[in-house]
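Here the chain labels run A, B, C, D, E and F in written order, and each chain numbers its own residues starting at 1.
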Amino acid sequence: MSSLRKFLVGGTTLGSLAFAAEVPKIDSGDTAWMLVSTALVLLMTPALGFFYAGMVRSKNALNTIMMSVASLGFVGIAWAVLGYSLSFSEGNGWIGGLSKAFLSGVGLEPTGAVVPLTVPHVLYMAFQATFCIIAAALVSGAIVERMRFVPYLVFITLWSLLVYAPVAHMVWGGGFLGKLGAFDFAGGTVVHINAGIAGLVAAMVLGRRKDFGRQAILPHNATYVVLGAALLWFGWFGFNGGSAVASNGLAGLAFVNTMLAPAATLVVWILLDILRTGKSTAVGAATAIVVGLVAITPASGFVSPMNAIVLGIIAAFPSYFVILWRAKTKLDDSLDVFGGHAIGGITGALLTGVLAQKVFNGIGDGWLYGNASQFLIQLLAVGVSIAYSALGTFVLLKLIGALTPLRVPVKEEGMGLDITQHGEEAYTSGEGAILVNADPIAPATRARAVGGTD
Amino acid sequence: MKMVVAIIRPEVLNGVLEALFKAEVRGLSISRVQGHGGETERVETYRGITVKMELSEKVRLEIGVSDHFVEPTVQTIIRAARTGEVGDGKIFVLPVEKVYRIRTGEEDTAAVTPVF
Amino acid sequence: MKMVVAIIRPEVLNGVLEALFKAEVRGLSISRVQGHGGETERVETYRGITVKMELSEKVRLEIGVSDHFVEPTVQTIIRAARTGEVGDGKIFVLPVEKVYRIRTGEEDTAAVTPVF
Amino acid sequence: MSSLRKFLVGGTTLGSLAFAAEVPKIDSGDTAWMLVSTALVLLMTPALGFFYAGMVRSKNALNTIMMSVASLGFVGIAWAVLGYSLSFSEGNGWIGGLSKAFLSGVGLEPTGAVVPLTVPHVLYMAFQATFCIIAAALVSGAIVERMRFVPYLVFITLWSLLVYAPVAHMVWGGGFLGKLGAFDFAGGTVVHINAGIAGLVAAMVLGRRKDFGRQAILPHNATYVVLGAALLWFGWFGFNGGSAVASNGLAGLAFVNTMLAPAATLVVWILLDILRTGKSTAVGAATAIVVGLVAITPASGFVSPMNAIVLGIIAAFPSYFVILWRAKTKLDDSLDVFGGHAIGGITGALLTGVLAQKVFNGIGDGWLYGNASQFLIQLLAVGVSIAYSALGTFVLLKLIGALTPLRVPVKEEGMGLDITQHGEEAYTSGEGAILVNADPIAPATRARAVGGTD
Amino acid sequence: MKMVVAIIRPEVLNGVLEALFKAEVRGLSISRVQGHGGETERVETYRGITVKMELSEKVRLEIGVSDHFVEPTVQTIIRAARTGEVGDGKIFVLPVEKVYRIRTGEEDTAAVTPVF
Amino acid sequence: MSSLRKFLVGGTTLGSLAFAAEVPKIDSGDTAWMLVSTALVLLMTPALGFFYAGMVRSKNALNTIMMSVASLGFVGIAWAVLGYSLSFSEGNGWIGGLSKAFLSGVGLEPTGAVVPLTVPHVLYMAFQATFCIIAAALVSGAIVERMRFVPYLVFITLWSLLVYAPVAHMVWGGGFLGKLGAFDFAGGTVVHINAGIAGLVAAMVLGRRKDFGRQAILPHNATYVVLGAALLWFGWFGFNGGSAVASNGLAGLAFVNTMLAPAATLVVWILLDILRTGKSTAVGAATAIVVGLVAITPASGFVSPMNAIVLGIIAAFPSYFVILWRAKTKLDDSLDVFGGHAIGGITGALLTGVLAQKVFNGIGDGWLYGNASQFLIQLLAVGVSIAYSALGTFVLLKLIGALTPLRVPVKEEGMGLDITQHGEEAYTSGEGAILVNADPIAPATRARAVGGTD
């Protein structure tokens, strides 16, 4: 067990270790919390859809939501069929094998993929699925309002298998980063840096929206942005708290940190807004919440509640100013997936290496508490995941783009993707909509028209 | 050239459109407006606040037509939009001095004659 | 017959309506528009994007009136809609050639005289 | 115990059986999960309100939401007062008795109505209440935009007592279908077929909307449809997972199946849309999620996760094509309660009889695993519930309709039910709204008007 | 005085506004309308119901101008709003009898001349 | 233990008492339920934002939401830093001390502030935080559409420390009302009466909106009001159910009462609406749900389920008629915080003293069951909290108002607070928005304009 313990320090399986040596029996309390956590994380994906959709123009609202919703289907099924195995079955340092493909061997017995657990294996698989689903959906924020839907479906499905699964394996599934001792409690590296970098690359490969920089593109519904952020926060308690894979003190710690860090980021963000322009925006507040959540994710089970507040305060600054700066560049990372998730994730991952405290996590200290090497390990993990994600995403998009155009034609971009990709509108009064099975207006008469009106 | 402006009920809009298309009127613009006329007021209540809604939903059609097309256009609308109850709306015919088709720069009658 | 088109501030709408009703003007249609004039621009910020809002919310009234009613109508609006600050809006009076009441087919002045 | 076990195989009480022989003590983990599950299922009813309201025209949005919200009140109270007793107290094969009316004997002791449980009895009652509440609300989708609100209130209250309660008793409360061994883990028959058929009958009794088939009636807010579907999915984890009435392996199984099946349906539905028209709609995606959820409901605790995916794939087809076909008919089942819930429920109930696996459910196999008779039992249960629901709903509506008109007058239908039934509008800017206690405009002057404008 | 009414595509609005401001046209009102013309119809599908959308989103500009300003205004719009594809829209020029500035009561040309 | 027991009868720590004498060990089931409950209560604050925002005009929608969202940040951090200590550390009868400031001594051990618990201390702190956060946000409903945002931030932060914390201490944290035996299971007095009275005072200090009574101010989006109410109900299961601080029979009781009481209020409210005007409004239904929830809050763990229904029925009347009456007065308590929360809370607190039943709560009976003195204690607790809240809120607002204006200028009130306080709009199409970094239109030419148009 002790060798396992060593290379799993930075994984979601952390919380289960206390029980590892004990009877491998299902615990009803742990299971209850994991059932809830899984549901909570699943809810985050449609919540993300609203967070994103509120920020686009109404002609692209449905397309933006569908980019998240589709991930629930395509990535969800890909995970069960292949992704879970590639992430969490035995393999090499970089990727898992196929032994758990098609959920073979994933039953109701109380175990995880790597260590024994007190919850059904199948539930652990589902919990991990929700992480992969939302990671893929996160990427979409960088390329909204211009990508064709079918290549998008292909992209996220393959991305979940070829980019997400390897990174998850490296850090959590028995791969080399986990063995090195990288701390990533709930996915700062695996989910947020990974998706944030993928978003950056995707925005560059896809190119700018035709109106970008030429026209103001405003959030069509800022209340949806807040609604999405609120539901994301709610779901994030499962994301971080559930990463203890048990209902114990560690889960409590991760939970409370998930409450305090974004609260702190929110305060700082509002104050920055007020100091800079005299007005604090709601879209900014929603962004602050998400940034704080991203930043605390890797640290949530490693740092004390007061340090979570410190982390939340610090994390506001890089993301705030990167987002400000990005808006002035030519880079159309439309909804700031890079500024929010990559920068927030990096800040969080590095601060985990600084602020971790053995008295809270039972595993190890960070730089501030005398263990500078942890910071270096974090740096390495961040670097590896950035490099892998960038490369993988780039190659994947270029390959798909070689087969079929990634972007909608300019004219369709002007009409909006809701009509051209989905054949419907988000909000409609039905005026001027003529039933196709109703009496058609005889087209023959059309040619005859003279001198009337057109 | 004239501009026919018609205020009609939203529920008759689709019928009016169909009738207009059948009558060879192919170009028009519509917008939602709220109207006040002889209609009975609606009363609404919000947490103890009672309000009379003085305005009802209407649709405004704006149709630029050649002079000899005014009469058929107006009659078509009257026929298709009439329910006989108060609130059916009004039609106004305004003079137009000039019309341009933005796509081609064509003017006046040419500007409102369909080209395929 | 004339068409009085007035662009006013949304916040004075209810007052204008009341004043018009008191002045016996009972038929009208309104719509929301956005206007640009001498108003100071609003600056808004969305995630680092700063935009000037060149347009402000206005309400457009459209009132078909008999000729002798133009002056009272216009004066009523001016009185009720004036705040004295830039952005109060404009009133346009356009000629109308014909008016129809859809419900009855009545024309012109009859079309805009209330029947109960 | 073993005889009980026999006739309860197809009930929500299934999960508790493992504990039945043990100490009847409250388990904090099981209770935690049931508390959460009950809250989740309760949330489904307003979620349904949004799912439905998004699909109607804005002039009927509030009425449609109120049809769901009102069920929380009227059906909720009816359940506590009478419905629980009629469903779950001892009676005959068709209906329960009155021994638990007014919650008499329903206290904090760890038991259910039929078998001992590890959660407070009162909580079990509340969990069951949420099922009845949503079943009644589901029916409303078939008759939106035309039914008067007061007869609707009478209808759902009586329907919950006279139609829902008997079917629940037959299948779960000790009635003859349960005794025969029908499998209905979480209400495919009791809730979805029952409500779906009731909807079909109600649509026929009420008749078509005046604009149906003559005018395009489009969803006024497709984002609400997605929001509703997302919250329904979230709540459905309580619906199915909670039907284990414990926090154990079975709950985990039901939960995971509730994640995978709709994911599969969603994938198939999107692909069908794309193959058929080149465009995949968001309303379609939301519908797919609900159909997948409906279909897995009876099967969720009986089949393996991979079979849940299979079931989800298969279930897409009948509902997809029935909904397509229905739109071409003269039947104004406005929001496709029949195509979604009845067809989805039947597909699911029958496939439960095919795909059930004793190694997963501990109770019995389905046809595919050698037990063809289970399929026949399922067929019978489906048939009985269809027949009872159709008859009961028909008689009930005819009776109410004999006392008071069921429909609003045509003119009010044109104005929309929000104004005529509820005296308010969903979205309003307040323009032209005159306070009634403000100076009234003297009505006397009205007659004097000459030659002005009107 | 004339009233220039232009129906244009929403996507060219910002360009048109900028061009108008450069051309010294500072007062105008806009509203969203839906138009029907020679545009190809969009087909949408909702749960098996297929509909043709006969109307496309357009923006309506309404600009009261002095007579000598009509031509530059119209030409500016035509230039900035033209894409060359069917659906670019129309411009109508209507006569106006009187204009008032609500803020000051000024009339006619004075009413549409900027004061700072 | 028994003396503790005595003065804690009316506290959220009640549920834990059963375990107090046992091993102070973390229970995974109890912890699971408290994790969930805390997340649920946190969700209530943005839910409240939607409930409130739907009722204001769209030009103030974001400001109204932000008033709730900001509380999550400012009050959340204030609570961790100071508020928890002032409420729950040892002090005098009126207020706690500073021994727990900066969360000192608040770790992962299974304890609450006052009695041992079976959940991590830090989680108990977080659960209590969510109560304080929503209490502060509740107040905002009374002063929407007119208060400047910065003084608002100062106000809620100080209010949480100077008004909320003392009242919480008096009732739950070892203060004199708790010692007297006041029953307040989940915050009828501490949260709802407190916030409701603060709202009343704030409305009077701030004064009427300029359009109040002169113009109809209608809810811009009634569906948001329902959405908010639905999510509030959902979250309230954590509010009341979680106040057992355990997953046991008591939690089940509180949960079920939280379902039945608002259901009853909803039924009565709909019927009152119909009897009075023939139409039942959706805003009314949403209000009814909240009123029922408020009223059952203090009673939820003290009364039987059937009595919860009775309480829900009774509670509808005072709030219904106070809200009707308030609309006719000159008091602009804009969203009826007084009518909903103060009146609902008072009704609930007093009825708790009437309907409490020892056989259900294990602590004591109410008037109806022979213990009239409980009613008097309730009356006293209500009186004290009204007086303290009124005084504290008044002084606080006057002080802040002496430093900086509390209200926006009248002109800004006309434009709406979204633009003037937050620099953004809730819903926008982006028309006429010119990018500031795009070519500016040369301002010099402006002066030259002659005879054109303006």
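Note that a contact is a pair of C-beta atoms (placed from the backbone, for glycine too) under 8 Å apart; a residue touches a chain by one contact, two chains touch by 3 or more.
What you are looking at is a predicted structure, and each value in this text was computed from that prediction instead of being measured.
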item	value
E-F against B-D, pair bridged by the larger set of C-beta contacts	E-F
Between chain C and chain F, centroid-to-centroid distance (C-alpha), Å	44
Rounded Å distance between chain B and chain C, as computed from the means of their C-alpha atoms	18
Centroid distance [mean C-alpha coordinates] between chain E and chain D, Å	50
Residue list for chain E, restricted to those that touch at least two other chains	14, 17, 21, 26-28, 30-32, 34, 36-38, 44-46, 49, 51, 54-55, 64, 94-95, 112, 114-116
Set of chain A residues in contact with two or more other chains	27-30, 32-33, 36, 215-219, 247, 277, 279, 281, 283, 328, 423-425, 429, 431-435, 437, 454
Pairwise touch network: line, ring, star, complete, or other	complete
Partner chain A, residues of chain C touching it in the complex	44-49, 51
Touch list for chain E against partner chain C, complex	1, 3, 17, 21, 26-31, 62, 64, 94-103, 105, 111-112, 114-116
Chain D-touching residues of chain A, taken from the complex the two chains share	26-33, 35-36, 38-39, 42-43, 46-47, 49-50, 53, 61-62, 65-66, 69-70, 72-74, 76-77, 80, 102-103, 106, 108-110, 119-120, 122-123, 125-126, 129, 149-150, 153, 224, 247, 420-430, 433-435, 437-438
Residues of chain B that touch chain C when the two form their complex	2, 5-8, 31-38, 54-55, 58, 60, 74, 77-78, 81-95
Contacting residues of chain E [partner chain A, same complex]	11, 14, 34, 36-38, 42-46, 49-55
